[in-house]
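Next, two complexes with chain A in common: one pairs it with chain B, the other with chain C.
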Partner chain A sequence: MNARTKFSVIGKPRRRVDARSKVTGLTRFADDLVLPRMLHAKLLRSPHPHARIDSIDTSRAERHPGVHLVLTGKDFPVSFGIMPVSQDEYPLAPERVRYVGDPLAAVIAKDEQTAAEAVELIEVKYAPLLTIATPEEALAHPEARIHEYGENGNIHRNQAYEFGDVDEALAESDHVFEDLFFFQGNTHLPIEQHASLAAVDGEGKLTLWSSTQVPHYIHRALARALQMPAAHIRVIACPNGGGFGGKCDLHNHEIVVSRAAIRLGRPVKICLTREEVFYMHRGRHPVLMKFRTGVNKDGKITGMHLQTLLDGGGYGSYGPASTFYTGVLQPVTYELPRYKFEACRVFTNKPACGPKRGHGTPQPRFGQEVQLDKIAERLRIDPAVLRLNMVAKPNSLTANWLRIGTIGLAECIREVVRISGWNEKHRKLPEGRGVGIACSAYMSGAGLPIYWNKMPHSGVQLLLDRSGQVTVFCGATEIGQGSDDVLAAIVAEVLGIDAYDVRCMTGDTGLTPIDLGSYSSRVTVMMGNAAIQAAENLREMLAEAAAEHLEVLPDRIVLAQGRAFLADDPGRGIDFRAAVELAETKHGTLGSVGSYTPPRPPARYKGGGVGPSPAYSYTACVVEVEVDPSTGWITVPKVWIAHDIGRSINPVSVRGQVEGSVYMGLGEALMEEQVFRRLPPKLSNALVHRIPSLLEYKSLTSLDMPEVETVLIEDPDPNCPFGAKEVGQGPLLPVMPAVANAVWDAIGVRIDEVPITPDKVLEALEKKAKGENPRVGPEHFPAVPYPEPIFVAPPWEGGDGNAQKPPRRAKEAVTS
Partner chain B sequence: MNAVVSVQRNVRMTLRVNGEDFDALFAPYKTLLEVLREDLDLTGTKHGCELGECGACAVLLDGEPVLACLVLAVECEGRSIETVEGLARGSELHPLQSAFADLGGTQCGYCTPGILMTAKALLDREPDPGRERIREAISGNLCRCTGYQQIYESIEEGARRMREQSQ
Partner chain C sequence: MMRLPWFRHYAPRLLAEAARILAGEGPQAMLIAGGTDLLPNMKRRHQTPAALVSLARVEGLKNISNGSGLALGAGLTLSAVVHSAAVREKYAGLYQAAAQVATTHLRNMGTLGGNLCLDTRCNYYNQNYEWRKAIDFCMKKDGEICWVATGSKRCVAVSSTDTAPALISLGAMVRLVSASGERELAVADLYRNDGIDYLARKPDEIVTEVRLPSAAGWKSSYWKLRRRGAFDFPVLGVAAAVKIASDGTVEQARIALGGVASRPFLVDKAGELLAGRRLTDEAIAEVGGLVASRAKPMDNTDMEIYWRKSVVSSFVAHALKEVRGDDMRSTRLRIARQEL
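The block that comes next holds the complex of A and B.
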């Protein structure tokens, strides 16, 4: 099937299957749901960043007219967390609050207004503890310890890997570049505020409708949090009004409304305010980075040593994975003979960070791509050529044992160079204007689930019946990216019908086979492969039945255009519905299933499970900027981007994902930041969000958004359904460094951190005017007590993918 | 802190939404957004902030786009309110709707009703606006998914289809 080149649905620009319901306002998001006798919940959140809870008095709230129930920590004895290794949260904090916004009580009342009034009546006595505001403070103060688990003190995760002797490689290089970068945290900001509705049905079983990207993980975690059998819980992921990674955790409010609905026997709904969404966060980790990169005269990298320090916030969340992701995907983009990475995540008294579009990889990608620009500058090599000369090789293994399949990066670089007029612009535009280039790679789905098991990552079930209707069931979740459309398109292609004739039932743990969820850009590849398998099974049954009827062999039957007919005699055939009737007569009730499990990764060392993917997508991007030297204001007139998609399922959606990524990347590059400030001491000195509103958290409006020219490189990947790789996250990654590099080209200053705001530009210009190093960025990297690295020899140095004893190091090569 | 005693008397009034009269009984502090969604079951209008910052709640009041989260429902008596539910004629989509559906103007769809209504107000006044006018008109509507480009194209195509229809 993958070898086919002629398609009737795949690759055709189409109206996506859920578009009609979206433009009519009929799509039912979680907060649109209403059930009879429904009650409303509100949470009481901590005003302190770090405090012991000495007492909670809920009596006045309970007496408030219209209040049905008040819940506190004692109603939730079991901790939870999305990953098995981070069970460090409570639905309502029982003893300790760890960030401003940490929920500790809930009121369920007849309406939102009443619940909000009663929340104000809850009296809490807090004993404030030392606030840990920054990673530096976390390292300096093992006490007050924010959690009683983790590596030690306030270090949550600490790890080190070395693939080949990097110090030796650097010592033998013509040049060693050492650079520090900082990537500020930012948040997802889906326009839909998180909402959840829980109800208990006639059998006493619980249903939770929620804005979630990961109903299966929520289902598992909720069963544990509520200490209920999973079989008695059904989680329905409503279409998400945007997710971007912000709806991947099990959230406190989801457990609270569930418990309340069980207690009261009535439906309970909650919708967070925008301010609460900012405080719940789970977004991009602020990451401080240090790169030491060895380069030869020809610009080829000999080795890289990357150190990262992640500001994790108050809880674990996906942090263990995020920590890995600040390192593991670095070797996928360019040839990298030796690589060492050390990563440390600390707890601080701020909202927990987690996965946001690109999960952990935009930060080191920013650092590497800006450093490459500096390298190109020093070696007098064109930055596009420098990159082109060291694109990773297809069908190869990386230093850290990731298997790469197809790579369209060289094509992407050539295309953006061509369409942007790079060669006429770079170093040639007048002062104040410049262009920058950057590249990236991203995985099409994580190779391992977040809890250890060997079962499929995606399951698809198909039902057909004599009316000719086709219903496809899959746990995948529509978050705006178009997963329902991909599912319908694939089934339609295989069965030879129209995508709009396929009914999608998705994201419902009570009905649909398990799919791990909409994260890590996994849906198209994993769900898609499972869908092909399920549809192929049914196609065979239909072809057999049709063949029998037409008195030919089944392999002569083609299913296309709503018919089953002879490949060599298209006039002889029957319509799809007749074929289904015949098949139902022949085989009985028609159904099939398909499953997908990613290939086993070649790495055998501990931790080698993070990073493998069935396929990697590649992107190259050129950004043009205009910088006003008097204000520091950066305008972006145009962005050119080429993405290695493998094959587009629906080019309209693919382009939308690319442009949406550019939009979000420009926001991260220029303005978005999730930052915190201290309230004045006479108030409480608490560490609060600086700007928890859509107006003050700056993001691009239509007036700021430049024109984007998108090129799709189609080189079908054999591991992917019809060859289609991911597109939801990869195209975001090169945007931030391309902006930084363009600023250098425009005005000759280096801003080694994002966001690149006007104040930083002005500061750098001032330095430049004074003859100082025209750079703004982090000045030092704290002493992080990284552990001894796990040493693994790269494939080309005779390794077998296992950890081994490190080679004896030449003393002089060891630098501090 | 004293208990806030909620003895607000509900008000009863007739609201004219999408040409249909609704007899509604609601608390006087409720915004038009809340009354549309909670009292009239018109959940097509969305909200992303309830503070006038995102544009998701845009509806038309006497043909002008307003943010329903900033308007009290009591101010709307006797005025014409248009929401996304009023765009299609029966099952036939408004040209703007069909253009958004065809050209990728909607991804998650959450900002879509507000943008459709804002665009409709623009096109009702200016049947053939340029790209710049479109960018200005929707600059108060945040979309986190699309990067706006396919939204502009959808509005331009919607305008074209509307002009075609009115010929």
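The block that comes next holds the complex of A and C.
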């Protein structure tokens, strides 16, 4: 199938199959759902960042007219968490609250207003505990310990890996560059606020409709949280009004409305306010980074030592994975002979961080791409050429044992250099104007699921009947990214019909085969491969029946344009519906299934399961900026971006994802920050989100969005459906460092952190004027007690993918 | 979603009736026009009025009349002000200010009078009830202390109206009507430098009209500093109006600031400094320094406080250069993200 080059649906720019419903407002999101006898829930959230709950008195709330039920921590004895290793949350905090906004009681009432009034009547006595506001405080204060599990004190995760002797590599390098970077946290900002509706049927079985990207994981976690058989729970993922990773956890409110619906026998709904969405968060971790990179005169990297420190917030969430992702994908972009990576995630009294578009990788990508710009500057090599000279090799293994297939990065760099006029602009524009370049790589789906199993990652089921209708079932979830369109397009292409004639039934654990969910850019590749398999099975049945009727051999039959006909005599054939009737007559009721499991990763060391992917996408980006030297005001007039997509299923959607990534990337580069306000500790324990509102949490408006010129590089990847790689996350990554590098080209100052704001630019300009280092960024990396690294020899140093004893080191012998 | 508290609602048709209801209800009643400021504030429990007296149906508040100057009804939507040819042609500063308030949707609802009476803003105050509870509230509402300046005796919430500095620079007056009579005030005198008690308007008075003096010989300009090209309140507003004599010298000039105090204000001595001089780069820089010294931003809005202060003179220069006739379109596009 991948070898085919002529398609009817694939690669054609089309209106999405769900576009009309979306633009006419007919799509029903979770908050649009209304059921008879439905009740409404509101949560009481902690006003303290860190406190013991001494008592909760709900009696006044229970007596409030219109209140049906009040729930507290004692109604939920079982903890939960999205990863098996982070079962550290309770639907309602029973003993301890860990951030301002942590829910500890719920009121279910006849309407939202009544529930909100009754929440105010709940009386809670708190005993405040020491507030841990920053990673530095978390490292300095093992007590008060935010969780009783983890490495020790307030360190949640702490890990180190070394792939070849990095110190030796750095010692033998012509130059060693050491740089600190900081990436501020930011949040997903989906326009749809999280909403959930739970209902039980007459048999006591539960259905949960929810804004979720991962109905299968929710299904599993909910069964455990409610201590109910999974077979009695059905989770339906409603179309999401944006997810970006913020709807990948099981959330407190989903369990609360489920429990309430079971208890009351009536439907219960909740819709979070915008403030509450900021509290659910699970967004980009603030990460402090230290890079030590060895480079030879020719600009080739000899080794890299990366240290990261993640501010995790109050709970685990996907944090264990996020911690890995601040390091594991670094070797996928450029040739990196040796690599050492140390990462530490700490707990703080803030909303939990988790996965946001790019999950853990945009932060180190920012650091590396800005450092490469500094390296190019020092070595007097063009930054585009520097990168082009060391693009990772196709069909290779990285130092940390990730298998790379196709790589379109060199082509991306060449294209973006060409269309941006890079060679005429870089270091040549007048003072105050500049261009910057950066590149990136991203996974097309995580190679392993978040709980250990060897079953398929995606399943697709097809149903055809004599009416000619085609229905495709898959657990994949439409979060606005266009997965239903991909599913319909693939089935339509294989069966030779129109994509608009395929009905998609997706994201329903009661009806659809399991797909792990819309995260890690996995859906097109995994669902797509499963869909091809299912559709091919049915295509064969149709071809057989049609061939019998036309009295030819089945391999002469082509399905296209809604017909089954002879390849060498297109006039001879029957229409699709007739072919289905013949097939139903011949085979009985028509149906088929397909499934997909990613290839087994080559790494054998513990932790080697994070990072492998069936394919990696690549992106290169050039950003132009104008900086006013008197105010530091930054304007981005244009962005050029080239993305290695493998093959576009629907180029309109692909371009939309690229532009959406540029939009989100510019927001992170220039203004977005999830930041907190600590009041003077002498006067208050308070630690609150500074700006939990759509007005004050700044993201770009349409007026702030520059023109974007997108190029798609199509080099089909054999592991991918029709060769199609991911596009949902990768194109975000190079935007932030490209902005930073453009600011340098424009006015000669380095802003080694995001967001890059005019006050930082002006501060750097003032330093420059005084003859100081024209840089704003972190000055200090705290002493993190990283463990001894797990040592793995890179493939080219005779390794077999297993951990081994590290080589004896001269330096250690001296110091010990 | 957040819900409104309960309130009684009046929708009178006559101004006298509105004034009478307002007087009868006492200070527990509030006026509502477009509601774009008040209703979100009520949802956050900043104001919980027992009664709302709507001005939406009151006759005579949406007139635009030409005389020697221009009279604008306080009930005109900001969009109506923006689309008024008379405003665009003669009072560019007001047009530029009104056009940059919030978003198109909010300008279609929000009124000129409402923008003048806009509640002062502060990052410690413009939060919902639960958030404010988490900081034990603040002086402006339900609490004791000012968290922006813990030693401050007064609330330092920020005046965030765009149209007021423009109108002050243009020398505009407002008419206030109550059950017991009416009066006129200079727009500058409508305000007090107090984040809580920020209006000189009495609780029973209704702002009915804004009167602009003749624009003959005057040129004006408004420059707004905010993070983005839409939505955001000003963290600095610079309004300049200059009357230039036939010999090219400044006959009269007024510069007003918004977003840097609890009130919008006319910068003393700026006019004197420019009077009799040409708008040279040197004169502009000199007055920019003077104006900047009067800006006292506090750390309670978007963007970094010292940086906000450091860019005041640049914004003064933008405004005066535009008045001088320089082509400021590309600078305007970079800062406002739109043509104005």
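We adopt the following convention: the second predicted complex is superposed on the first by the 804 of 816 C-alpha atoms of A that agree within 3 Å, B and C clash if a C-alpha of one lies under 4 Å from a C-alpha of the other, contacts with A are read in each partner's own complex, and residues count from 1 in each chain.
As a convention for this text, a residue touches a chain if its C-beta (ideal position, glycine included) is under 8 Å from a C-beta of that chain, and two chains touch if they have at least 3 such contacts.
Worth saying up front: this structure is predicted, and the values here are computed from it rather than measured.
Novice: On the A-aligned overlay, A:T326 touches which partner chain: chain B = first, chain C = second, or both, or neither?
Specialist: In the superposition, A:T326 touches no partner, neither chain B nor chain C.
Novice: With the two complexes superposed on chain A, say which partner A:T509 touches: chain B (first), chain C (second), both, or neither.
Specialist: Neither: A:T509 stays clear of chain B and chain C.
Novice: Quick one: is A:V652 in contact with chain B, with chain C, with both, or with neither? Answer first, second, both or neither.
Specialist: In the superposed model, A:V652 contacts chain B only, not chain C.
Novice: Looking at A:H64 after the superposition, I want to know if it touches chain B, chain C, both of them or none. Which is it: first, second, both, neither?
Specialist: first
Novice: Quick check on the superposed pair: does A:L121 touch chain B, chain C, both, or neither? Answer first, second, both or neither.
Specialist: In the superposed model, A:L121 contacts chain B only, not chain C.
Novice: Report for A:Q113: first if it touches chain B alone, second if chain C alone, otherwise both or neither.
Specialist: Both chain B and chain C are touched by A:Q113.
Novice: Taking the superposition on A as described, I'd like to know which of chain B and chain C A:S613 touches: first, second, both or neither.
Specialist: In the superposition, A:S613 contacts neither chain B nor chain C.
Novice: On chain A, which partner's contacts cover more residues, chain B's or chain C's?
Specialist: The partner that reaches more residues of chain A in the superposed model: B.
Novice: Name the contact category of A:T273: first (chain B only), second (chain C only), both, or neither.
Specialist: Once the two structures are laid over each other on A, A:T273 reaches both partners.
Novice: Answer with first, second, both or neither: which of chain B and chain C does A:T701 touch in the superposed model?
Specialist: So A:T701 meets both chain B and chain C here.
Novice: Both chain B and chain C contact which residues of chain A?
Specialist: Looking at chain A, the two contact sets intersect at 113, 273, 693, 695, 701-703.
Novice: Which part of chain A faces chain B closely enough to touch in the complex?
Specialist: On the chain A side, the touching residues are 15-16, 18-29, 31-32, 34, 60, 64-66, 113-114, 117, 120-121, 188-193, 239-244, 273-274, 479-482, 652-653, 655-656, 659-664, 693-695, 699, 701-703, 705, 707-708.
Novice: Would you tell me which residues of chain A are touching chain C in their complex?
Specialist: Residues 45, 47-48, 100, 112-113, 116, 271, 273, 275, 626, 628, 630-633, 635, 671, 677, 679-680, 683-684, 686, 688-693, 695-696, 698, 700-704, 757-759, 762.
Novice: Going by the contact rule at the top, pick out the chain C residues touching chain A in the complex.
Specialist: The contact residues of chain C facing chain A are 1-3, 123, 126-128, 130-131, 133-136, 145, 147, 150, 227-232, 302-304, 306-307, 310-311, 314, 334-335, 337-338.
Novice: Would you pull the chain B residues touching chain A in the complex into a rising list?
Specialist: Chain B residues touching chain A: 1, 3-4, 6, 27, 37, 41, 43-51, 53-54, 56, 83-85, 87-88, 93, 97-98, 100-113, 116, 134-136, 138-152.
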